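Step one of this worksheet: look at the structure below.
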Amino acid sequence: MIRALAYGTREALASLRRNSLMSLASVTTVAVCLTVLASTLLVAGNLDHLAAAVEAQVQIRVFIAEDATPETREALAKAVAGLEGVASVEVVTREEALERLREQFGSRRELLDAVEEMNPLRDSLEVAVARPEQVVPTAEVISRLQGVAEVNYGQVFVDKLFSVTRFVRWIGLGLVALLTVATVLIISNTVRLTVFARREEIGIMKLVGATDWFIRWPFLLEGLFLGMLGAGLTAGLTWQGYPWLVEQAERVVPFLPLLAGEAAREFVRRTNLVLVVLGAFLGAVGSTVSLRRFLRV
Amino acid sequence: MIELVRVTKVFPNGVVALQDVNLFVDRGEFVFVVGPSGAGKSTLVKLLYREEVPTEGEVYVDGRDVARLRPGQVPPLRRQIGVVFQDFKLLPNKTAYDNVAFALEVIGASRREIRRRVPQALDLVGLRDRARAYPNQLSGGEQQRVALARAIVNNPWLLLADEPTGNLDPDTSWGIVRLLEEVNRRGTTVVMATHARHIVNAMQKRVIALRRGRVIRDEHHGRYVRDDDELSSLLEEMRAVVSP
Amino acid sequence: MIRALAYGTREALASLRRNSLMSLASVTTVAVCLTVLASTLLVAGNLDHLAAAVEAQVQIRVFIAEDATPETREALAKAVAGLEGVASVEVVTREEALERLREQFGSRRELLDAVEEMNPLRDSLEVAVARPEQVVPTAEVISRLQGVAEVNYGQVFVDKLFSVTRFVRWIGLGLVALLTVATVLIISNTVRLTVFARREEIGIMKLVGATDWFIRWPFLLEGLFLGMLGAGLTAGLTWQGYPWLVEQAERVVPFLPLLAGEAAREFVRRTNLVLVVLGAFLGAVGSTVSLRRFLRV
Amino acid sequence: MIELVRVTKVFPNGVVALQDVNLFVDRGEFVFVVGPSGAGKSTLVKLLYREEVPTEGEVYVDGRDVARLRPGQVPPLRRQIGVVFQDFKLLPNKTAYDNVAFALEVIGASRREIRRRVPQALDLVGLRDRARAYPNQLSGGEQQRVALARAIVNNPWLLLADEPTGNLDPDTSWGIVRLLEEVNRRGTTVVMATHARHIVNAMQKRVIALRRGRVIRDEHHGRYVRDDDELSSLLEEMRAVVSP
């Protein structure tokens, strides 16, 4: 076993050296494929992050009955805060509500001076939920609580928003799926071509009495090395490149919620792990599978 | 022990390379296979290490029907047989040394064993100083001798040599044939397909002559062609030598 | 010349047949690469389309001086409509403006009943410009017209919006650039491997006295065929697949402005043209360039 | 017209394949190059069609210094020369017919010309019926003859044959040599590296003997080895034939 491993490693390294042109071509191809895949993963990850950020802004507005005392108001706020899935609750008094409205009117705020003393607005709660899909059921539950006059979460808008975020996630997923398939196809084709270029060698080995595994073993290791090398290049690139890109983007669109900081590093780390495993797997399995038709001698 | 029973080989393109061949070669024999170009010598040899399978009939090597071997049984068969291929079949990415070592690595020999036996084998064919050359850095005859070294390095019980002196000068050829004789004397069965008339004639071994895929002659202490033809051509040659 | 073409075509076709395994691998690789590139182009195209649609919604609101007569109002509207870059002008009277406000207030519209009779709003014009970048200069020009009280186009919001759309377009462009480079690298690597697998053949041809061009010619045509075949597959796929995808998407997010209909067909047509040209070019030039190192015999 | 002036060839790995070789071969000559395995015969031949360039000295073929040719001048040189390579170098993806046709396509022959001359050439080497076979469907000797057909099909003024009978039986070999003689009689200069002692001896042509990269003998009406060695080995063989 150890002898086989040593032999395989020796042969694989020798072959990488002797077929340097081919090795270079395969490593480049693997690296390029995986870089594209990584970019897509990162874009998809950011789209998801963005969708989540947008979704997180959806709030439920709970209007409190006009006859409610400040005490019932606080009690209601507490009750709502205690509900499952509720992330935060903010109390907005009728005075604060009018103030906000005034701000929205901007330069035409004198319009509201007229209604100042009569203030027709009501106290309300702004409720944020932990996960977007909880908006509808939570609103439903709240509407049945005592002291609640009306519950509003902009149904039409939320439906639209969710279908957009879902769509964006789909697009991201679709691209990742497409790229994964493409990567698998291209890398295995490349491996197939490198094996094809050495078909005679393989035939000779068989004729001299080598077993299939004896021949496969160095090819497998060689594929493994090539795949890991290519993936390593990609990993280095994303590790250095992604934070830089985010930095650039934040200068242009500072208000967009991009994956950055520790979360981004974690994401890139995980992406890179996937890439290295994928590269190694495709290299190893690809060359092993490609060998098959040339082993029939 | 080799036995061919009513063997016919027809290639997919319709060429009949062997037809109704019956043959028995005992362990320890030294057999020449002769015949004109395209007679079926190489095909006969290829049947023995199962590069080809017969269209009809059975080929027994060491008591086993070679055509009926499961895929997993083919490598063990080939590892017991040394083959000098007509076109050498050296691994282009390995040096002469590594090519010979490969035959030992295949049978799982230890590195010490390899370091001991490979130089020996290269010595025997007179190529010790070319050990580090790659096949494309060797002359035709040198490549042929590397192929021979690879075939004998793991002491096979059967040595198949397909035209092993085609690229060698007469002196080197004789050296190689003496080597084969020595290998044979130590117990290896040797089957050698060849065109080297003088070697066949001088060796006085069994000669199997093929012609258009059929065995037309099978003689112990045989010659390349029948004696009368042989004598007259020798006489002709002598005349040329004596009176330039 | 004609003989060379005939010879080259014959040889190229024969070689495609004899090396079917390799041909298959290269065609697949080309097709896969170009499909990914095409997808990216289509996504980028849609992002651009989307950005343009969002940008087109930016309007300039022109408030008309309170003492203006309906005649000056109409005259002003005409003058603005005559400005360069203005796409459309809509007159919004103060009554209409109040009505809209009321709609926006929704269930709390009784708030406005108080201001009904005094209506503090002003007449205004809604001006749409033909190209987003004309918003700022056009607003500038309008503000200097007679009878104009105030010009408003939500400066802060528009700046943000434009930096987002610019960012989205950059991302799209970046992906397209990355994919183009990747496609070029992968296809030329693949071609290099197929040429490598036939290095001996090339050496023999040279030794028999073939000129470089005599050898190159069939390889060039073969690369051309392979590239065009791969691109053709991709073109077929996008031609059939894109409309289907848009159809699916429109079912989920009917309100999103995707490239569809005749515009989409035109876009796909142009994309496919690019792909076929790129495939053919990469195949032909790739194999010609890859040959070089094997021609030195 | 071939001339080698003080030619030395040292390979990058330090092997000295030719050393201080001076040689003149006139148009229309028929020359054998002999010598033991690794003597430098193939290297000498390779210098003539510029597969290798000399490390020192000049090689003139048809009055031109081959080493100084610009890249664009190499194909025209090679097209005037027919070469039978020691390892055949047939195109694996072309049939025997197409391999021979290739040498004509390279010189821009018309399709009619090709259709006329290829079957003729295959006829001359006795392979008309194997025209549609690919190299891996041919026996060693058949491949060698296809290589010869390719070398002669475009009537080169110089024919270089490196061991062209190594895989052929004596009868076929003689047929091939007679063909070369015929080609030579029609004006083609023939340089043949060979180990076929009997052929060299019987042909009574010029013989250049190499040993370790040096010319050790250059005789008209020469023999493979010196006469006395030759005679004694012949006598030995006769004895073997007469008394089995």
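A, B, C and D label the chains in the order they appear, each numbered from 1.
We take it that contacts are C-beta pairs under 8 Å (C-beta built on N, C-alpha and C of every residue); 3 or more make two chains touch, one makes a residue touch a chain.
Note that the structure is a prediction, hence the values are computed from the model and not measured.
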{"item": "Furthest chain, CA centroid comparison against chain B", "value": "C"}
{"item": "Centre-to-centre distance between chain C and chain B (centres being mean Cα positions), rounded to whole Å", "value": "68"}
{"item": "Chain A-chain C separation of Cα centroids, rounded to whole Å", "value": "24"}
{"item": "Per-residue multi-chain contacts in chain C, two or more chains", "value": "none"}
{"item": "Chain-level touch network, classified as line, ring, star, complete or other", "value": "ring"}
{"item": "Touching chain combinations (by label order)", "value": "A-B, A-C, B-D, C-D"}
{"item": "Contact footprint of chain B on chain A as seen in their complex", "value": "3, 7, 14-15, 18-19, 200-201, 204-212, 214, 297"}
{"item": "Interface residues, chain D side, partner chain B - complex", "value": "11, 13, 15, 34-38, 41-42, 86-87, 130, 132-133, 137, 139-142, 145, 162-163, 166-173, 195, 197-198, 201-202, 204, 221, 223-224, 227, 230-231, 234, 236-238, 240-242, 244"}
{"item": "Chain A residues touching chain C - in the complex, by the definition given at the top", "value": "21-22, 25-26, 28-29, 32-33, 35-36, 39, 43, 107-108, 110-111, 114-115, 118, 120-121, 150, 152, 160, 163-164, 166-167, 170-171, 175, 178-179, 181-182, 185-186, 189-190, 192-194, 196-197, 249, 252-253, 255-256, 293"}
{"item": "Footprint of chain A on chain B - complex, ascending", "value": "49, 51, 72, 75-79, 81, 83, 85, 89-93, 102-103, 105-108, 110, 150"}
